[in-house]
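Okay, got some structures for you below.
In the two complexes below, chain A is the common chain; its partner is chain B in one and chain C in the other.
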Partner chain A sequence: MFTYEIIQEESKSIVKINGDLDIDVTEIMQDEITPALMERQDIEFDFSNVPFVDSSGIGLLMTLINELREAGSQVTITKVSQEVMYVFSLLQLPEILGREIFVDLKRDFEPVSDTN
Partner chain B sequence: MFCKVINHDQQNLDSYLTLKREIQLARKIQRKLLNGEKPILINSQVSGFSIPASMIGGDYFDFYPLSDGKVRIIIGDVMGKGIPAAMLMILTRGAFRSAAEVTEGPGETLTSMNKAIFKDLRTLSSFVTVFCADWDPNTGSLVYANAGHYMPVLVRGNTETFELPDLKGVMLGGLPDQVYQEKEIRLLEGDTLFFYTDGIVEAQNCHGEMFQIERLHETLMQNAHKTASELETIVIDTLTNFTEGLPQKDDITMVILKVGTGKDQQR
Partner chain C sequence: MERKIVSKGKTIKQAVSIALDLLNAKKDEADIEIIEHEKRGFLGLGSKPAVVRVTVRNKDNREGVAESLSSVEALKQAAESLDFPEDFPSLSDTPDSAAPEAEHDLSGMVWVSEGSIFCKDAPDKYPMVSPRKGVKLFKNGELVKKTVIVFEKDVLHVELADEIVEPKWEVTVSQDGMAAFLKVIPGTRIFRRLKDKLPSQFVELEVTESKDFIVIDIDRILDRLKELEIVHGVDFSEIARACTSEAEGTFVIARGTPPTPGKHGYFQPTQEVEVKKGLKHREDGTIDYREIQQFPSVERGQVLGVVQPPTQGVPGISVTNELVLSPEVYPLSIIEGKGVVLVEDGTKAVATASGHPEISVKGHVAKISVIPKLILNKDIDIQTGNIHYVGDVEILGSVQDGMLVEAHGNILVRENINRAKVFAGKAIIVQNNVISSEVAAGKNNHLKADLSLILSDLLGKMKNMVGAIQQLSSVSAFKVSSFTRTGLGPLLKILYDGKYKSFLPLTKTLINKIQSGKDALDEKWFELAERMQKGFVNVNFSEFRTVEDIQQVIKMAEELYHSVCETDDDICFIKASIAHNSEIYSSGDISIEKGIYNSKLHAGGCIEVDGFVRGGEIYASKVVKIAEAGARGGIATKISVPKNGTIRIGLAIEDTVIQVGNKTHTFTVRTSNVYARLNESGELIIA
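== the complex of A and B ==
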């Protein structure tokens, strides 16, 4: 069961995601979360309760982050579990979205080598 | 009024039947493309197998014969599943076939594929993970390149399993102008190399547990002496037992390369 909660802390919007991020989340992501975040400047996605992501979930996340950035928001992702970060690293998400988006990356994970 | 209702229901039924027929045709086309001619190899077997989660799927594998008896192998997973993923799978197949013909190695093939389909994938907010390798049965050399895909599992001598030395690369559609690096490994007689998509290791049972890579290693090690097609069946049976008949959530695809023991082993 996927749920989310948006908590406003001063100027920052913290989006706490709970549950697997996969293809079943498509409608919630596109119809609820994206419009709800569109006007916000500083957005943090809290992944502490995301045990699993698959390729569809990563696609949804990439689309969401790109849309929010195009709308002028600053986005970060925090508290990613090692299992989920393994999948992010496999697909080289830090290289695609920018390493700065993963604020815990330096603390918990070795840098990923470049392909170039 | 009653007549209008009947007509409306009839229209819905007609639309449903048309859609069903078209999806079945699309499934047939996809199965034919996936189950194309297998390459003739000296002293080795190569085989591929795919089960979509829906009527049609987004997983992909292919074999492209090269000169001197070599073959280029590719396995890929398009983001998502069903009809949208199947459409992009065809796009990926076209890019691979075109690139394989004019590129020297797997790294160059992935570089060319990304160049060809990057814009389309970005426009559609999608991406594809692929692993590509050139197998030379004459020398035992396997040269490979990776675009965000799981590394294949190598079973050596029925006693040892390990993943190929890691090689990172951005998934196709992730970043423009990527140059994909290559690595090489020497395969030995009796080796089995298992390429796969995430639908295998992420298959879930009713307790929410995933099959995971450890169970895959165990299954492969116990059955590495079987033929490629027997091994395919065993992996599927093991997955079915594990999931206890729970509906398949993602496409499942595998490619098996077995290095033989002296005789031609074409399937």
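== the complex of A and C ==
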């Protein structure tokens, strides 16, 4: 079951996501989370409780982040599990969204990439 | 007197005891001189007996007498005084036979006879011997290196070792079992003997060598063949030759019977189907334009040919008596193309339309079609309109001002092309002139070349994508199960955002290219374009559900890629009599009979002009051959080939420019027999 909560800490909004980020999240993401976060300045997604992702879920996340950025928000993603981070890096999310978004990402972390 | 005797025996001991017996003396009464040690030899060959000289000291009172006798006489006496059986083997070994015939005084002399050194003391002369290099002379057991004086009492011995190098051999069988080889390195036996020397005061000791080859025992070879189970096609005379060979070598001592290859099934046309490149020449060498029938054609109902079944080969036998199968033969399967129907269980191809038969064989599959032929028995002008045709076109007249003729097959123009455009998928033959026109053969190959370029790029990217998806699917945090609901679309979208940014535009380019060439490409291409459109381009509704779907597209693309890589350049050519002020493109060869005025020619193969080139640009990827190039009026004439191409010009007039690779040359004087190419260091050679 997918749930989320938004915690307001001073100027920062922390979005705690609980559950798999997958195709089933589409409606909640589009109808609830996106409008709720619009016009917030500093947004942090807490991924500590996201065990699984799929490509639709990642697609939704990418769309959301791009929309929030267009609206002028600062977005970060934190506490990503190692496995999920591996998926992200295979899909080059740090390259697509910018490495600074993954604040936990150590400087020496090299994303896994195959030859292209 | 002293009595002496030279005696032989198997060993020194035996030789001495024979001598003492003969002299009737005891060992302590005699001086024993070993002349030669015994030699064992090899297999009884080259063995030598031991030779000793035994002298009995002062046994009687005839000493004084004996001294005045020559040694020969003394020994004769000695022998006579003995009970000497006539047939005793050592008789011939007594010094009387070994000593030289010469009856002159031997005192102070030394000589060599039958391998032994003899000498005769003299009060006023000292016989001397000198070992030559390589001769090991021992005097009384001591090695002598320089010239020495010898006395009769000295024990002289020369160490002479025979040398035996055993032959080496090896039997091997070739990998395919079709031949057995015997490699031999012959063995040798070198005999060394002291060279005979006539009596002289000074003798140089020399050694003579004689060399024998050792014959290899054939039985051992035959045993080895048995061990290796080599039984078929054994050549015994060759084995014998190998065994007695005096030179190192490898002999083929057995040959298998190779399999006779069969023949694959094939299509036997009932008539000529190949497009003939050359114009027909009359026997006197002139060209018969009226009798030209360059593009073979068939009528409706005509039998195109018969499918011949494969014929099996005959198996062979290896040297180890194993059956060696001949390569497998395959039947030819026939695909009915347009205008062709197969009858009699698919063994006969019959034309259902008239036109030009086309047989394309790929592997064990042949596609037979009849390309329809359009015959226009007059000029192409405003009245006939432009011609677009899928098959061959034959125009009995000319192509006139501003008209366009386009055909997928061959185009034959019996007269001229005047200010017009003529494009063919294959060959173009213009029996007369091309004037102020544009003519191109095999332009589709342009498209195909483009397609192959894009495809190879896309193929690499698709394969990488498959790899990436497979890798992703192996990560446990990634929900593969969602693909069954969403397909690969969402994932592809992310990939396009990442490292596959160029994939989508490239795919779209490919699809557009395919659609632009819709007349020239076969339906497989459109199938590919559709699959790629629905799978990759319409990413929100992508048809791809699994990686296998992409792999199918890759397979399809690979097949098409290979098909475009096989060039059809040899079926594309242009032939004309004269080109004037025109542009001529051929993906294969261009050949012009009489001459070219101020025209631009481009050939993927060779350009041959039997006549002249006056002005214009000539480019061929391989070879340009021109009888005469250049213009007196000063119109620029430029002939170029790539760096590995060659240019031959019978006569190059001044100001003609040639270019090979990036090296150019302008003729300042008339030059005959030009042959231009680059040498290995990239310099332009004109000779």
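By our rule, the second predicted complex is superposed on the first by the 106 of 116 C-alpha atoms of A that agree within 3 Å, B and C clash if a C-alpha of one lies under 4 Å from a C-alpha of the other, contacts with A are read in each partner's own complex, and residues count from 1 in each chain.
One rule holds for everything that comes next: a residue touches a chain if its C-beta (ideal position, glycine included) is under 8 Å from a C-beta of that chain, and two chains touch if they have at least 3 such contacts.
Owing to the predicted nature of the structure, the values given are computational and were not obtained by experimental measurement.
Colleague: Quick check on the superposition: with chain A as the shared anchor, is it clash or fit for chain B versus chain C?
Modeller: Aligned through their shared chain, the two binders clash on chain A.
Colleague: So in the superposed three-chain picture, is A:81 touching just chain B, just chain C, both, or none of them (first/second/both/neither)?
Modeller: Only chain C; A:81 stays clear of chain B.
Colleague: Touching A:23 in the superposition: chain B (first), chain C (second), both, neither?
Modeller: Both partners, chain B and chain C.
Colleague: Please work out whether A:3 is in contact with chain B alone, chain C alone, both, or neither, and reply first, second, both or neither.
Modeller: A:3 contacts neither chain B nor chain C.
Colleague: So in the superposed three-chain picture, is A:95 touching just chain B, just chain C, both, or none of them (first/second/both/neither)?
Modeller: both
Colleague: For A:41, decide between first (touching chain B), second (touching chain C), both and neither.
Modeller: A:41 sits against neither chain B nor chain C.
Colleague: Just chain B (first), just chain C (second), both, or neither: which does A:59 touch?
Modeller: Both partners, chain B and chain C.
Colleague: Count the residues of chain A touched by chain B and by chain C, then name the partner with the higher count.
Modeller: Partner with more touched residues of chain A: C.
Colleague: In the superposed model, only one of 152-160, 260-268, 386-394 or 494-502 in chain C has C-alpha atoms clashing with chain B. Which one?
Modeller: Given the superposition on chain A, chain C and chain B clash at 494-502.
Colleague: So which positions on chain A get touched by both chain B and chain C?
Modeller: Residues 22-23, 52, 54-56, 58-59, 62, 90-92, 95-96, 113, 115-116 of chain A touch both chain B and chain C.
Colleague: Where on chain B is chain A touching in the complex?
Modeller: So the residues of chain B in touch with chain A come to 77, 79-81, 125-127, 129, 148-150, 168-171, 174-175, 178-181, 198, 202, 210, 249-250.
Colleague: Which of the residues in chain A come into contact with chain C in the complex?
Modeller: Residue list for chain A touching chain C: 20, 22-23, 51-59, 62, 81, 83-84, 86-87, 90-93, 95-96, 113-116.
Colleague: Residues of chain C touching chain A in their complex?
Modeller: Residues 461, 464, 467-468, 471-472, 475-483, 485-486, 488, 490-491, 493-495, 497-500.
Colleague: Which stretch or stretches of chain A touch chain B in the complex?
Modeller: 22-23, 52, 54-56, 58-59, 62-63, 66, 89-92, 95-96, 112-113, 115-116
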